[in-house]
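Take a look at this one; I'll ask things after.
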Amino acid sequence: MRPSKRQADELRPIRFTRGYTRHAEGSVLVEFGDTRVLVTASVEESVPPFLRGKGQGWLTAEYGMLPRATHTRSAREAAKGKQSGRTQEIQRLIGRSLRAVVDMAALGERQITIDCDVLQADGGTRTAAITGACVAVHDALSQLVAKGLLAANPMKDFVAAVSVGIYRGVPVLDLDYPEDSDCETDMNVVMTGSGGLVEVQGTAEGAPFSRAELDALLGLAENGIARLIELQKAALAGASA
Amino acid sequence: MRPSKRQADELRPIRFTRGYTRHAEGSVLVEFGDTRVLVTASVEESVPPFLRGKGQGWLTAEYGMLPRATHTRSAREAAKGKQSGRTQEIQRLIGRSLRAVVDMAALGERQITIDCDVLQADGGTRTAAITGACVAVHDALSQLVAKGLLAANPMKDFVAAVSVGIYRGVPVLDLDYPEDSDCETDMNVVMTGSGGLVEVQGTAEGAPFSRAELDALLGLAENGIARLIELQKAALAGASA
Amino acid sequence: MRPSKRQADELRPIRFTRGYTRHAEGSVLVEFGDTRVLVTASVEESVPPFLRGKGQGWLTAEYGMLPRATHTRSAREAAKGKQSGRTQEIQRLIGRSLRAVVDMAALGERQITIDCDVLQADGGTRTAAITGACVAVHDALSQLVAKGLLAANPMKDFVAAVSVGIYRGVPVLDLDYPEDSDCETDMNVVMTGSGGLVEVQGTAEGAPFSRAELDALLGLAENGIARLIELQKAALAGASA
Amino acid sequence: MRPSKRQADELRPIRFTRGYTRHAEGSVLVEFGDTRVLVTASVEESVPPFLRGKGQGWLTAEYGMLPRATHTRSAREAAKGKQSGRTQEIQRLIGRSLRAVVDMAALGERQITIDCDVLQADGGTRTAAITGACVAVHDALSQLVAKGLLAANPMKDFVAAVSVGIYRGVPVLDLDYPEDSDCETDMNVVMTGSGGLVEVQGTAEGAPFSRAELDALLGLAENGIARLIELQKAALAGASA
Amino acid sequence: MRPSKRQADELRPIRFTRGYTRHAEGSVLVEFGDTRVLVTASVEESVPPFLRGKGQGWLTAEYGMLPRATHTRSAREAAKGKQSGRTQEIQRLIGRSLRAVVDMAALGERQITIDCDVLQADGGTRTAAITGACVAVHDALSQLVAKGLLAANPMKDFVAAVSVGIYRGVPVLDLDYPEDSDCETDMNVVMTGSGGLVEVQGTAEGAPFSRAELDALLGLAENGIARLIELQKAALAGASA
Amino acid sequence: MRPSKRQADELRPIRFTRGYTRHAEGSVLVEFGDTRVLVTASVEESVPPFLRGKGQGWLTAEYGMLPRATHTRSAREAAKGKQSGRTQEIQRLIGRSLRAVVDMAALGERQITIDCDVLQADGGTRTAAITGACVAVHDALSQLVAKGLLAANPMKDFVAAVSVGIYRGVPVLDLDYPEDSDCETDMNVVMTGSGGLVEVQGTAEGAPFSRAELDALLGLAENGIARLIELQKAALAGASA
């Protein structure tokens, strides 16, 4: 039995609060249970040098964890003067995931910067960040449409992410911290609304895992992501931010 | 007239949300109007090397601004690899302000680390941070009492801070961003519950200011801080975090 | 047809040169076609602070690319003063992969540091590094046995890695640079001699990929890795380094 | 009684040596007793990017302390690779103080960089630096006039700074190190020749201070600064550097 | 007697392997006995800002040591985030040595970057690097001639370097690590094919050295460098890389 | 003829001001003409970790140039966050030079840190620094003797340094900036009172130099250093600092 009493294929309570802060073009507080990530999408009317004059846009992401988002305080990266390897890995993943669903040519010479800041951590911060970023980027792009800067929203599809893992021998969906810190295999899956895989990252923490286990985990993730995308759509169908 | 229609001596709506996140010993979201700062107080059962074996505690503070807390996105300090001079100045001020009201000998060989992270900025982030930190530190210390680690709360007095300034020739209390970016003189005042001054930092942005203006600003600040301390007490009198 | 004329399931010529340099306990030049990585395994008779006194060992990895290992010169990371996110991601992957096959308790309070330096790059440097590291670590551990410091080699299994990807619509094994820079989906797979998966990292570079494509890629990788492990065993069966 | 036997309202011996080094447009060794700061003002015929084309100048300041300016050697900031928060706070203060008395439009698109390097420290290094910088900047600007690059000296007023504090219960002027390290309240005041306040920074080191104490300190500072400005004028009236 | 049994005036076996890697315009593995340095020369069709529009080229060098090139592993400079003083000293020396023999005007607005990476160290890495760089730069420049970008090779002369030292009272040529770590005086000499001195750097490790000793060392170095230049010429006379 | 009208073998006016600042155990302002370097020697009663318990001392040096010591302002290294290669090269040279004349065993487990800060530069800052450091270290060590911490001064010999170079075809002694920036060959020589060579660093800036030129330069340097050491002795014979 899972520490949270959830079923093996049960997500934590998911919540999207759009318009959580007021300055960003898109601003969403995403909650996967006790994991709370503030995701903003900022639009800048220019692109990095390597893309200038190519008629297409760019999207990049940054990730941070407030020092006391975690059980024990961790050092502030700005004070240490460098971002950890983990942070860099996560922000690269978020950027790739969102770039997979935005039509860069349709975006034009603009850059979207996604900032994902973890206010409270309870496992799955990167998957919550990707899932929330989809909503925040959608809002930011809708604002460009509303302002008449774009004819149509250049988001081609939805994208969401979830973690799956083998906890005490059982494949489970959406690991929280007690599960994450005690599981044998941990996998993050990023998938689009049309069911295409964008990223699959599976790691054996202890014993290696088998193809059969991999298949079971992918099955759980597919269902979980389909449900997350329904929730994203419902959130976006609400009053605009 | 002030852009916000406030009276010259009127604070913005002030709100303290205790227990805003769950891991920190003290966790408060403090709001001065649209300025929102998440302040956590973390307790560590050790002190920095220069204090070891001296039988007293220490308190330090860190400050950060989420990249899109502001009107236009500012670069993430962790990504730039260094904290700005402004950030360092603010976190030193917060630390000094709180050390003024905590009895370090009574605290014993423990360290309190205050983290102030600005979720949304609309002027006065440092004064909101100090004012919220007083509540967060009080909660963290109360928890040490509740756990039996301390006999009494070592906070000797309350402390709060407010900005005052001369806006279009008129001394006003608690500047918001439109005022702050357009005022002639800006002063931050930190004061205790018993009316003692902890810090006074006044800066002429344009023309120098006179002693008479300084006196008027200090008068506004004294009243404002007295009101803030009433609100801190009311917040702490509510259900514990 | 592949640029190199290889079959879809054909590895590049693989070569392990043991004892390539003389100071390291294990030193292997591994070649996957024109990709050449010098891998050394260094033994240190101590562990990092977080493991002291716990009776177990540690293994960590670092990765670097000589500035002109690539078609155009890339800046030297030591001169820039920081390792890129890509470098950090790769060295974390190499470390996890090798830790999966070394019995840390049997190793005792020692640390193995793997250095992977790319002398010439033609795609697949991280998979070559992992595959070569297995041989280098085996040699380093054998030397501990030979010196009487360990009763048996604490490597529990072999481990190797290969890239697979969908190139012009066809799943292919062991991508070289021309394929890698032009493929739709890229996956790195790390597997043990007994067929267990250690890491699976698949990324859609363009369009998302389907479960069927994922399955095809995993099949190719399994066969490729089985072949790589045969070659590792053959290399280790040769005259000792 | 003060350790130096000075009266409560007595400055230390003040000395300005103009033309102390020969390359800088303005170069002054300023001494407040045993505190000795070498201040140079350098003129550059360009402005930072944010001011280009706006027809106005800029003035900025940097501050450093030689490692053995102090009783015990402190680490060299260039070797540590970063400037401390204290250093940054001081250099920001010096820059603001001098900008308050230079007419940036009259200066034209030029930048003045003030370098304040403490050769020997005995308390009050920042106030000595500001006071000396006024003379050095005046000399640098006079040189622009002498060269025919400016019609008139764009310095609108004099500016000087002094520390005041409550030492053993008594408000005193111009603290030296023994007083500074043992005082209850420490305030730095920056004022112009016409008596306007530019900066007031008061800090309670121990017990908070009252409005009455603040008033007494400001009174001392006003007199001290008036005297410093007389001395600046006398120094500038001497043979040109 | 020398640990290696060599005569006092005997070089170690010297080997140049041209075309050691395939991407760089010049790529040479140079071996001085067990010291092995991979030297690449990269051509870039632009010059640093300070030379733009001056019609001349530039040549610069970088140096690194693989972490386990040495007896015990040394920390990776990219991971430490800075290059040591020793590294910077060596790369400045290599750059100056090669600039002495390349006609910068004839090179035109191009930059040659030399990368010297020590794969295995046994003393004399900087002298091997300079000696190998001469061959690598020659190859890179020949390629520019072959491509028709230059009419003639702008290398005006050969340059090579060797270490000499006083080992157990005897002046010896080309110190290996056991000699280097135990010698009284160590000197690096850089000389051209026409016998001109480019650099002489002698250091007393223990007792100071006399003019007579200096003369003896310079005599050994002259002969050694003449022999190295013969070997460079022979290497370049071989089949082109 | 030399720009300064000096004879080819003539030093600039040399001056040592002992006790230039008051906190350091040794503090000397050394002047070689217009080159002015403040050298302090600080004593610390401990040694770096690699020497602990070995019963011997250590001596190290740091070097810095005030930003406006030079004709045009150069960036502050503390603000840039790193020391240049040139700075590191110089401070390593100063440290080696002084270690050559201090008996580390006689010093005991203490560290001497030399700080050389250039107040005004006119060529030859590193040689002035070494020459002044000899006096400063002597004073610092004498103070240890005076305090009864050492039985005798552990300085075994004097050491001084001077630059020599070929300026417009003529070998000259003690180059000033106009000569230094326009000479063909530049050599720094460090020598002891008993005439032993500690360091010889000669660099061809333009055309290589011959053995005959090298010999002429060494001859000039020997005489110049003998004179500098007389001046050091005279300075130390004056009233103690």
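Each chain carries a letter (A, B, C, D, E and F) given by its place in the written order, and its residues are counted from 1.
The rule we apply is simple: contacts are C-beta pairs under 8 Å (C-beta built on N, C-alpha and C of every residue); 3 or more make two chains touch, one makes a residue touch a chain.
Please read these numbers as outputs of a predicted model, since none were measured by experiment.
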{"item": "Option in A-B, B-D or D-F whose residue-number contact pairs overlap E-F by over half", "value": "B-D"}
{"item": "Interchain centroid distance [CA atoms averaged], subunit A/subunit C, Å", "value": "29"}
{"item": "Centroid spacing, where centroids are CA-atom means, of subunit A and subunit D in whole angstrom", "value": "51"}
{"item": "Rounded Å distance between subunit B and subunit E, as computed from the means of their C-alpha atoms", "value": "59"}
{"item": "Where subunit E touches two or more other chains at once, by residue number", "value": "81-82"}
{"item": "Chain order around the ring, beginning at subunit B and proceeding next to subunit D", "value": "B, D, F, E, C, A"}
{"item": "Subunit A residues touching subunit B - in the complex, by the definition given at the top", "value": "21-24, 27, 34, 36, 38, 40, 42, 44, 62, 64, 66-71, 73, 76-79, 81-83, 87, 113, 115, 117, 119-121"}
{"item": "For the subunit C and subunit A complex, residues of the former touching the latter", "value": "82, 85-86, 88-89, 91-92, 96, 100, 187, 191-192, 194-204, 207-211, 214, 218, 222"}
